[in-house]
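In the two complexes that follow, chain A is the common piece, with chain B as its partner first and chain C second.
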Partner chain A sequence: MANAAILPGAVPAVSRRRQAGRFLVYAVVLAIGLALAFAPFLFPDVRAQEVAARICVFVVLVASYDLLIGYTGIVSFAHTMFFGLGAYGAAIALKAMGPGFDAIFFGGALGVLAAIVLAVLIGLLSLRVKAIFFAMVTLAAASVMMVLASQLSAITGGEDGMTFSVPRPFSPAQPLVTGEDGKALRLFGVALNGRVAHYYFVFVSSFLLFLVMMRIVASPLGTVLQAIRENEMRAEAIGYRVVAYRTAIFCIAAVIAALAGILRAVWLKYTGPDVVLSFDIMLDILLMVVIGGMGTLYGAVIGVAVMTLAQYYLKDVMAAGAAATADLPLLPDLLNPDRWLFWLGLVFILLVYFFPAGIAGTLMGKGGHK
Partner chain B sequence: MMKTLSATFERFGGVMLLPVALALIAFLLIGRPSTWVTLTVAGLAMGMMIFLMASGLSLIFGLMDVLNFGHSAFVSFGAFIAASVLAFLGAWVSGGSAVLNIAALMAAIAAATAFGALAGWAFERVIVKPVYKDHLRQILITMGALIVADEIILTLWGGAPIPVPRPAVLTGSIVVGDVSIEIYRIFAFLLGLCVYVAMHFALNRTRIGLLVRAGVENREMVEALGFRIDRLFIAVFMAGSALAAMGGAMWAGYQSLITTAIGAEMMILVFIVVIIGGLGSIEGSLLGAILVGLMANYVAFLFPKMSLASNMILMMAILLWRPFGLKPAVKG
Partner chain C sequence: MTTASIRTENLTIRFGGHAAVDRVSCAFRPGELTVIVGPNGAGKTTWFNLVSGQLKPTEGRIFKGEADITSLSPSARAKAGIGRAFQLTNLFPKLTVLENVRLAVQARAGQGPRIFSRAAALTEIRDRAQSFVEATRLSSVAHLPAAALPHGDQRKLEVAMLAAMEPDVFMFDEPTAGMSVDEAPAILELIAGIKKDTGKTILLVEHKMDVVRALADRIVVLHNGTLIADGRPAEVMALPIVRDIYLGIGAEDVA
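So, the complex of A and B:
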């Protein structure tokens, strides 16, 4: 029996399937990456651009959350809080100082700084106790931040949020490359104006942040984090200071989330509790990371793409279903497009039961970790 | 010096002094006795209702190491079921007969509690049982269940706020001197107190209570002695869910207008209470709930904008002082 594995060239079936799965994951991630990279040319309409930009930002946000939940085994519900700090930092500065890159930089830096301070405080205070305590503390902290954002309406715009303008080079009226006729040069029928620059600002920043995270998980730090996830006591016994490492990764994830928040604010030209702070966003992140697969950053890409597309298309399918079952009791109500979270919740529960490793993890042959 | 100080502190009741201290500080800050009494009664009533919701969660965690993030779903269901029952019995509720008033209220609370117990049983079997001892998946799966439960509530009752009729006999307030106290608050406080006494008695004087307490302390040992902790756990889970639904029903009557956000609002307070009180002990839950209730009412009066943040700060301060809560039954 063992011969099969020893013979050169004879790869066991399981491992071959894993390899195929791994290639599939790489291919899908590459396809998503390429689609995002050329989104302004592939999908020129405004709505598709929104979807593409949302996917870019959420890949960063979800991957940074995966650093916590997937790589280190920390369950935090405060990730939207950091996301919101970045977004509000940039938004308030852009509103107060006028549209300019200095405002994005200054406000963003303040937001990131606030995120670091809060992350250190929460981390040192509660990362030494049980995972569950930590989850509850972060949940409470996030809700307080949400209340603060809606009550300090003089600064944050309250429930309505705030709109602001972004720097001039990002405006659709600003040509990026001027053609011979003095208008923006067209490439594949798409005008190379500020809107394209706006999108690529978001895309390139997201891409760089994603690369940074890939580097982090491949570094010795990433290995220590996985050791902590697998066996905390053992990691401590070997001589790694678990609390310090946990706090460090919590801060790193917070900073990246805040940076993603800046990108979101700059792209939307709007910041409000509903788009950056609300608990729904936190649920989205959680669903995305679990659907994609915890403990692999590729999973984050797949999860975000699947969820975001589902958010746009599932509703259409449900509307059709509701119309088809209009005569039956209760069913049309459940198929109402507003109830799509119900179905997503069911899918989520089933996933956690049967495929705890998510799409990418299952394909790549990683078992669910305890 | 420090030692004698803390010994003196323990002799006078230890952490149980905290609510008294809080009330005294608030008295100095508020300055008007009548306002202070009204706020204190409101705080105690609110604390008792939160205690109903929190005690079950605390025990469930203490006994089986299960943290149910879906606990607030029972609170919401309790509130909405109570609202529906009260609306259905509209004639009893608004009628002049005190007996029928009370009967309607009792029917509402009983319906909510019974539903909590049944749903708790189903929830434990279907959602929680497959993921014992796996915290990450527990948090995720109960979170998923919370989403589904919230959506079911939205489907059945819709998104608009629902008025909760309050029985005629419990409306209005008692006036003593220049102090006026809402009757419903007294009722909420007394009901909470009854539940606490019953729980205290059940845990400390009965054989099942003995097993629960032993299980909280050391589950393996109790199992090794031949007791089926998992069966006991179902009972505790059902009781905890039923209490949460009862708390939700009481809270619905207190608010008199409920929305689907009720679960999320209460969940934060319940978590804060459980963390402050320490996991696994009902005394801790009671203490935490009263602290949170008093704090919420005093601060809402003194510094309205700080209302929710104040409880958060309270929690942070207490965690710094006692990382496992004030009166934990389980440590670590």
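So, the complex of A and C:
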């Protein structure tokens, strides 16, 4: 097997297939990126905007998780905790200080700071222990954060969470560009008002954060992280302080997750345990990173898009399918929208079966990690 | 006589009641290639692990030059100039050959934490890594993942990574282990080349007697964790106690 890889002729065949796969991944990611970039004009309805904004934020969240699990081999269950810190930071400040960019900045900064402090503490105290114990520690920390969020209801709104207003430029009533009639100018039939600005705030921030992560994994630090994943003992032996590197990337991922949390809160104008802290979100993150492909970053884009579209639109597709097959036996029942979780599960199993290293991972020939 | 580059003083490690390395004191000078021999279980690899920091001694001290490094972590020792290759191939399997070597160069250059520069664009580091890949004749496979190499090339990559660390003390743990008779000379040639080019201290654990004869300036014999002989190859091989112990294992390993 080892010899097969270096036989003349074998190399080009493998790398050609890999190149084609890589090209396909780039094309899909580019398509998703373009769809997101022009989402307000391509899909103007409110629900589609919701989906697009969720995809933007989750790409950042899942990609930052990929830095940990895919690149460095750190299994953490505390990613929603950092996500929540950013979201609650922004939410509490927006509620207390009123809707202004200063509140987003100030509250967000506090949330990010809290994320850094917690990440350093957890990292230094427990990244030297075995992976399974570290995972347990993060699980415990995340649980504590959930309890705190629901118990400190005077500050956090408890289980109900809290709603708040966002700065005025994000309001649908605020025209971005005023036309001759005094109303918002329309472009491709879409009013250029605060709603568009609101979306682009989320999109541009997410895009920039994703670029930052692309840069990190291409940097010398990125190679060291992969080395730690591949062979921790050897990385230490050639002179890298593994604990310091792990703590550093854990902090970086925590900061990016907190920033994603701010975006989520600002977009939803709501923050509560169910949308930022719950273990359902953590599970979503895990599924997205596995389906997309660990250790690729592009996988985050694909995984998030596939999962989110399935979660939002599978029911609609099934309803249409059930209606179309109404005259046939059995099929309408199978396609009943109430059974959407069954089909979602089936899709996951098939994806994992045919793409063992995730969609991007398998296509790019990265092989399964750990 | 130049001062020792690496020195152990009463170095001891006990696992339970068993002393795997027992009060070993010895010193090694630059420019000298020492082969450490002894039957299986004699404590050679354990002694290596103590010097490179993977194990902490129960007693005794380790000095690099004048500095006491006994309490340093493996990464700190690597930075202090103690480089180690491993008996079982111990690479970064999914990274390419060039990346494996580049990591060693990069650790040496101390540029690991740079976040916002592209690794591939750091030409100085890349060129340096490339030169070590060329020196070990791995250029044709430089872009392949380490795991895809045949065993012999993986051993060469071990040597390339150690060389790329540019240590003051090279420690090879059975560099020819598991290699065929025709592959082994290439590795030994590389080690001889390192000795000639760098003039650093080289420590080698090796079983094969032809390797010992071809390379050694000095032989240290460990047996049951203790140092029982230390000297020039001809003298050591002539000692009755060494013949007793070593011919036993020599018979099975040389044959």
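Keep in mind that, in the parts below, the second predicted complex is superposed on the first by the 317 of 370 C-alpha atoms of A that agree within 3 Å, B and C clash if a C-alpha of one lies under 4 Å from a C-alpha of the other, contacts with A are read in each partner's own complex, and residues count from 1 in each chain.
Here is the rule we go by: contacts are C-beta pairs under 8 Å (C-beta built on N, C-alpha and C of every residue); 3 or more make two chains touch, one makes a residue touch a chain.
Note that the structure is a prediction, hence the values are computed from the model and not measured.
> With the two structures laid over each other on chain A, which partner does A:239 touch: chain B (first), chain C (second), both, or neither?
Once the two structures are laid over each other on A, A:239 reaches chain C alone.
> With the two structures laid over each other on chain A, which partner does A:47 touch: chain B (first), chain C (second), both, or neither?
neither
> Which holds for A:219: it touches chain B only (first), chain C only (second), both, or neither?
second
> Residues of chain A touched by chain B versus by chain C: which partner has the larger set?
B
> Examine A:248 and indicate which partner it touches, taking first as chain B and second as chain C; both and neither are also allowed.
Second partner only, chain C.
> A:227 in the overlay: touching chain B, chain C, both, or neither? Say first, second, both or neither.
Second partner only, chain C.
> Can you pull the chain A residues that chain B and chain C both touch?
None.
> Which part of chain B faces chain A closely enough to touch in the complex?
These residues of chain B touch chain A: 61, 67, 69, 127, 130-131, 134-137, 139-141, 143-145, 147-148, 150-152, 154-155, 264, 267-268, 271-272, 274-275, 305, 307-309, 312, 315-316, 319-320, 323-324, 332.
> Under the touch definition given earlier, write down the residues of chain A that touch chain B in their complex.
69, 73, 75, 125-126, 128-133, 135-137, 139-141, 143-144, 147-148, 151, 279, 283, 286, 290, 330, 333-334, 336, 338-339, 341-342, 344-346, 348-349, 352-353, 356, 368, 370
> Taking the complex as given, what residues does chain C use to touch chain A?
Touching chain A: residues 52, 54, 73-76, 78-79, 83-84, 86, 90-95, 99, 102-104, 106-108, 111-120, 122, 125, 141, 144, 147-151, 161, 165 of chain C.
> Tell me, which parts of chain A touch chain C in their complex?
Spelled out, the residues of chain A in touch with chain C are 2-3, 5-6, 11, 215-216, 218-224, 226-227, 230-231, 233-242, 245, 248, 366-367, 369.
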